[in-house]
Amino acid sequence: MQNAVNERLKATIMRLAQVSEAEESVSVNSTAALPSVEAIRHIVSLVKDIVFPGFFDKRQTVGDIRTCYIGMNIEKLGSLLQAQIARGLAFDTQVGEETMTARAAELTLAFIERLTYIKEMLYSDVDAMVHNDPAVKSCGEVIFCYPMVQAMIHHRVAHELLTMGVPIIPRIISEQAHSQTGIDIHPGARIGDHFCIDHGTGIVIGETCIIGSHVMLYQGVTLGAKSFTRGDDGMLLNVPRHPIIEDNVTIYSNTSVLGRITIGHDTVIGGNVWLTHSVPPHSVILQQKAVNSSFTDGAGI
Amino acid sequence: MQNAVNERLKATIMRLAQVSEAEESVSVNSTAALPSVEAIRHIVSLVKDIVFPGFFDKRQTVGDIRTCYIGMNIEKLGSLLQAQIARGLAFDTQVGEETMTARAAELTLAFIERLTYIKEMLYSDVDAMVHNDPAVKSCGEVIFCYPMVQAMIHHRVAHELLTMGVPIIPRIISEQAHSQTGIDIHPGARIGDHFCIDHGTGIVIGETCIIGSHVMLYQGVTLGAKSFTRGDDGMLLNVPRHPIIEDNVTIYSNTSVLGRITIGHDTVIGGNVWLTHSVPPHSVILQQKAVNSSFTDGAGI
Amino acid sequence: MQNAVNERLKATIMRLAQVSEAEESVSVNSTAALPSVEAIRHIVSLVKDIVFPGFFDKRQTVGDIRTCYIGMNIEKLGSLLQAQIARGLAFDTQVGEETMTARAAELTLAFIERLTYIKEMLYSDVDAMVHNDPAVKSCGEVIFCYPMVQAMIHHRVAHELLTMGVPIIPRIISEQAHSQTGIDIHPGARIGDHFCIDHGTGIVIGETCIIGSHVMLYQGVTLGAKSFTRGDDGMLLNVPRHPIIEDNVTIYSNTSVLGRITIGHDTVIGGNVWLTHSVPPHSVILQQKAVNSSFTDGAGI
Amino acid sequence: MQNAVNERLKATIMRLAQVSEAEESVSVNSTAALPSVEAIRHIVSLVKDIVFPGFFDKRQTVGDIRTCYIGMNIEKLGSLLQAQIARGLAFDTQVGEETMTARAAELTLAFIERLTYIKEMLYSDVDAMVHNDPAVKSCGEVIFCYPMVQAMIHHRVAHELLTMGVPIIPRIISEQAHSQTGIDIHPGARIGDHFCIDHGTGIVIGETCIIGSHVMLYQGVTLGAKSFTRGDDGMLLNVPRHPIIEDNVTIYSNTSVLGRITIGHDTVIGGNVWLTHSVPPHSVILQQKAVNSSFTDGAGI
Amino acid sequence: MQNAVNERLKATIMRLAQVSEAEESVSVNSTAALPSVEAIRHIVSLVKDIVFPGFFDKRQTVGDIRTCYIGMNIEKLGSLLQAQIARGLAFDTQVGEETMTARAAELTLAFIERLTYIKEMLYSDVDAMVHNDPAVKSCGEVIFCYPMVQAMIHHRVAHELLTMGVPIIPRIISEQAHSQTGIDIHPGARIGDHFCIDHGTGIVIGETCIIGSHVMLYQGVTLGAKSFTRGDDGMLLNVPRHPIIEDNVTIYSNTSVLGRITIGHDTVIGGNVWLTHSVPPHSVILQQKAVNSSFTDGAGI
Amino acid sequence: MQNAVNERLKATIMRLAQVSEAEESVSVNSTAALPSVEAIRHIVSLVKDIVFPGFFDKRQTVGDIRTCYIGMNIEKLGSLLQAQIARGLAFDTQVGEETMTARAAELTLAFIERLTYIKEMLYSDVDAMVHNDPAVKSCGEVIFCYPMVQAMIHHRVAHELLTMGVPIIPRIISEQAHSQTGIDIHPGARIGDHFCIDHGTGIVIGETCIIGSHVMLYQGVTLGAKSFTRGDDGMLLNVPRHPIIEDNVTIYSNTSVLGRITIGHDTVIGGNVWLTHSVPPHSVILQQKAVNSSFTDGAGI
């Protein structure tokens, strides 16, 4: 009987060992190392420590030591990032990781120089949160506890890398934030200063979104695509298909805003709305009022 | 004073050490080991490595080595799974884990034989995603980054185990995907090929759902129950109570579809809809248009 | 050329080493240790082991050993909690952690004495779940697998600590549940017995919510604030601004209930509703019926 | 060329996959799990915590909590030890681990009852060390720092288990001490109270040694066998072949004492001696005096 | 029967929970935290990274980054060391760890200032090794592989701390080297520059040893005490009792040199010698020649 | 005052940041990655699993799975080893790791082909131990517990690599065994089949030793160099300087055999002997008999 079991096992192994047709089309370049998700996690965590020194890595960071601290973290960031960018480039082009070294070094340096900009934007986001949530007790609480801070560190880093042409890694970075916070921002989205997300679970911001300053989103808001354009070959085209949100817009929970439409500045959109057309500035958009019938039996609704 | 503290501590310990009435009814069989969540995580991760060799475990998997690789992973999977199934059976029946060994061995072998089917289905899901999201840059990106892939590996494994009658473990597997991706699919749900989830956070698919081929769900979609049927003893009955979704249906973000209704094939349901009745094929269902009042003061909505 | 690279690196380090204006206002007290998120995670996990002995830590817990087990866990909990409370107090007042020792000891003891109450409430929540979900196979399954149990352990612990005046830690505890389950309950919310959350992803319950007994919430429900009140200085006031939910209320998926309104007892609110006004007891609130147009072309909606 | 490499690899794999003749004779029972070295390490560490509460596991252990602490550790020790003893028995007899459960339970309980004796002996060893080393600053320093304490905890535990007939595990325990301290005491050796080892590296104490009270050994001392007795079949016989050391004997560094000889009580043996015959009580044994030639050239000795 | 087992377990727990007389005299101050062996391991490892940058922590350490690197490591070292010294002081005096803070800060700073001296001495040791072992291929090999380097880093750090009056910690440091290398150097020993140990297992260097420059020891050498002096109360006195080794002395394997004797400079002592009297400079000391009898039968020696 | 502290810290940092003269001569090639001690540990552990399948990694290794198991381990071994050899070559020549890839691949393949030889030798060592130690209960016990097995796996691997010209790595491998077992065998030593080490702590075997078949060494035995030959430049020459041990020789504990001498076959050398001249076959060498004076007073020896 044990023999019969072994035969069945062996047959399954053989079937699975065959490279199926479907598999062939998706298989990775077998000699290239894929980017390391752990290293990428480490990279984002170093950016956190550089931007908010003393918060997440509990070390003294005053005076000369502060400079040493930031210097060391940048050196470490640079070394990790360069290796991962080289792998990312190899993932894209299917050439070896080594030949990508020089390009990776350039991109890494360029990214490091963008850190002052990233830092400035993140502090503006924290500032906005402090001014928008009465439950906030201190700025430190926002930095230390709010999922928005995690999500925006990941996004602002991923967006810079995507803009520089780094493949795959931005997407890994944004998925790490997505898994941790439930906030899914495509690295391609352009987001202005003083951006604010409260709670955030279920938020989706699409690849071609353009978001102004002082925009506030609540949990469950989707800034998505309504429909897709196909090329002559029937394949989907990657064209602008997500909303433009102007300055000073607030969107309440679970609302879906879809398609390349424009939400005019100083607008408020209530929750649970399905919105697929542009609205002028200073609008207030609300779902039609719900119906209230008296309760009749235990079967409910 | 220290004495007073000790007295209060001791009193609390004594109160908590008593087995309360509520506790009695829920207590586990004290001699049975519960399934190990770490082992179950490992099992699903081995299925990932078997189905997508080279992606998550970064080892060479070409030629003869590919067969060795898959053979070893199946052997390891089998040994881990058999132990956990034995525990799961013991959890259910309150008899010892050892007496379940033979049954567990059978079920494990049956599961392993289903891996080729699981693999086929998962590649069809990846294929669907590639054809439905213009943001996709490569098939590898989907496998490596998209939460849908995590969710569907977990679901397709959990569903097979549930179908074979394995207790508790399918539920643990689906909760692991839920925690990681925000996608909550009950292991009982029957889901066809080329299934597609974009973003996914907040999706709920109930136990008795039946979903056809080429169905696409966006984040926040609920395929749930509207009301429950109670038996003569007043207890809830586990009867079909979730929707049937036919082929080629797309449902946009945050929509709730509830009850044992049927959504006809080739239908599109817009976002933020509350739907509790069946719709015929080729339907387009949309929320009533939102109201736009001009913005008047800072108090907002 | 390497020199040029070094110069650019050095310049970036120097720019980042400067304490920016924005940074100055948010910087933590440099001599105080922040609370440890790992220790806090451990604390909540000990409460789990004390309340549900034998489920998560797989040890024998019968007879005399049960008392030892609970005694040891309470001792460990006490020692970890006291240290973290001292840090939390220091975070708030910017005085050293040591001077907070006596106050922390008092609060810790008070918390431990509340554990019997917390336990009672949690068992009532489990009981409610068992009676509300036909998919439940056993009480043990709820405790072991349902995200609601995680969320409510975190909430009931965090709420007690907040009520005692412990700073920052309750918020860290609730964010840990949020990240893991997608359920975001502010520690300030007051929640009655037999509380039930199904699936839960995307649920938000605001700081000043008051929730009665036997309330059931589905995924994506928001109990939030509609607008904020500002003081004479223009700063937001932390006033009651979230709903009051009376006994025996059920709210379906993705509905938003906003503002200091009252949902009368024995009410059912359907999914995807935007509700900003009070409703009387025994109400049934539903979204206006969606529009069904026949499907015309591939462009969809 | 890659083909040639693959061929060579494959040939090596095939050669190694064959079960060689030598291998056949030593192969373990393939269905039995070997004892876990990690679990055994944990078991000894629990004995340490039970015998020296508060030293190695830094928890409060006063008053009622002390009892809880020891109770929990004994419960944990019992559960770990029973499982390992069952494996050890299976290792020996080549029957399944499960059938050994009852015997393992008995032995475990018997071992636990010996813990008070083990504790008493270990405190006598610590006491002896304090009275024999002028470098000792406090008793705590001996317990916390001296390798002798590690070695003797391992030995006294291993010896009890061996005496009860537990296979293989005693040997694993003694090798763990050997690797950590360089002190190699066979679990079979019988060692009296107030036993003292200073420094200890290189000490070897053979299986059939019998050592009295108040014996002191320095580093590098061997109490070994001189020659072996073979049976009629030519195989080595496991007969008494190591020295008997009576009370109050001190042996200095690197001395070798070999064979079933007796070292009379109140004897001192100097260092670097090769001793293969018995000596009467009150002896002083010294190496013959070294030769001192004046130094002549750089070639040295 | 289970009852009988429980009774026996309970009885054992109760016996062990009693504080025995022997235990009373050695028990630690129950409110003081003992030094952390992990933290101490980390401290020594930081000294290694500071003294040999680039060898053990594989980071770029050139130019400005080298200064940052050393600065950060010194900051981290300082913070860890100060905490452990405070605990060490509390271990000694049985007063709380907090009251020791100022003293600990002073000692930490003083230690950090000694690092340049420690570094100089360690490089002289490496240099000596390179000139004494023909098997050495490069200086890097010595630093990276030779146990002597580990042993001497530990010793030179431990000796500085002991000299400053830090309790217990020096001993923990030296035991960590002992366990790892088999080389046991008491922190009190005074050792000159260009000190060399080859292989090293079993070497013991006592507390009051004084060793000159350019001394070379082989494995198994003991520089120990021969006998002890007792005070009027019968307790051992901690007086000079170990050898003085002058410059340019080489001692071969396993030799024991005991008592407060002086080995004159430029002396060679062969292996396996027992030496308890002083020898003049330029001596060559050898064991008496061994006896060679022809081999007669299989019983051996 | 804080300022003064900072000044002192800064001064120390600056002094340590300077590259001292001694440091300059030993500094590693700053762009080369040093071999990873963790990877090397993993490599040796894979050899263990390949040679003794089922012992250390507790997996089923029968039938076809055995081949898969060995295949996978060889693939993993190959990939790890190639990377480390490339680093080792770079360590030696100070050229980049990448340029060493082809050479590393060749050496790795050559090493893998030597595994069958290594396996054969190791089984002969185990066999010898079983026939030489009456305390052995089973072959499995030797493989699982005896430090000799660890030491010889490391040595036989290290020796092959050294013979192939791989730099630094053989030394790291032998030091790992040294630290774990106290047995220090230079990778250069040539050791025949059926080699046996009992206990082993303190054994040293020098680089140019040649050891025949069926040789047995006890703890503390040194096969070392007596003196060194210097070249015209005064530097040490790496010439044959360690003993040749012919077949069937047994050497007892702590004996030192030094210089390029020959110990004839079928010889027994007793313990604690200092031997610097060749001995003919069939010799029995013993230390001169120790002196026994009667014990007179408490001052001891």
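Going in written order, the chains are labelled A, B, C, D, E and F, and every chain counts its residues from 1.
The rule is simple: a residue touches a chain if its C-beta (ideal position, glycine included) is under 8 Å from a C-beta of that chain, and two chains touch if they have at least 3 such contacts.
For clarity, every value in this text was computed on a predicted model and none was experimentally measured.
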Shortest contact path, chain A to chain F, counted in steps: 1
Partner chains shared by chain C and chain E (touch criterion as defined above): A, D
Least step count from chain C to chain D, where 1 means the two chains touch: 1
Interface residue identity across copies chain D, chain E - same or different by half: different
Between B-C and B-D, the pair with more C-beta contacts: B-C
Identified repeat of the C-D interface (over half of residue pairs identical), from A-F, B-F or C-E: B-F
Chain A and chain D: spacing of chain centres that average the CA atoms, whole Å: 57
Chain D and chain F: spacing of chain centres that average the CA atoms, whole Å: 23
Centre distance in Å when chain A and chain E are each reduced to the mean of their C-alpha atoms: 52
Chain E: positions in contact with at least two other chains: 60, 64, 67, 71, 182, 201-202, 220, 252, 254, 270, 272-273, 276, 286-288, 300-301
All touching chain pairs, where touch follows the definition stated at the start: A-B, A-C, A-E, A-F, B-C, B-D, B-F, C-D, C-E, D-E, D-F, E-F
Complex contacts: residues of chain A adjacent to chain F: 6, 10, 63-64, 98
Residues of chain B that touch chain F when the two form their complex: 59-60, 64-65, 67-69, 71-72, 75-76, 79
Parts of chain F lying in touch with chain D, wherever the complex brings them together: 50, 54-55, 58, 60-62, 66-67, 70-71, 74, 78, 109, 112-113, 115-116, 119-120, 123-124, 126-127, 131-135, 137-147, 180-182, 199, 201-202, 218-220, 226-227, 252-254, 270-273, 276, 286-296, 300-301
Residue ranges of chain D in contact with chain F within the complex: 5, 8-9, 12-17, 19-20, 22-23, 25-28, 30, 33-34, 91-92, 167-168, 171-172, 175, 178-179, 182, 184, 186, 188, 201-202, 204, 206-207, 220, 222, 224-225, 228, 236-239, 241, 250, 252, 254-256, 258, 266-268, 270, 272-276, 279, 282-288, 299-301
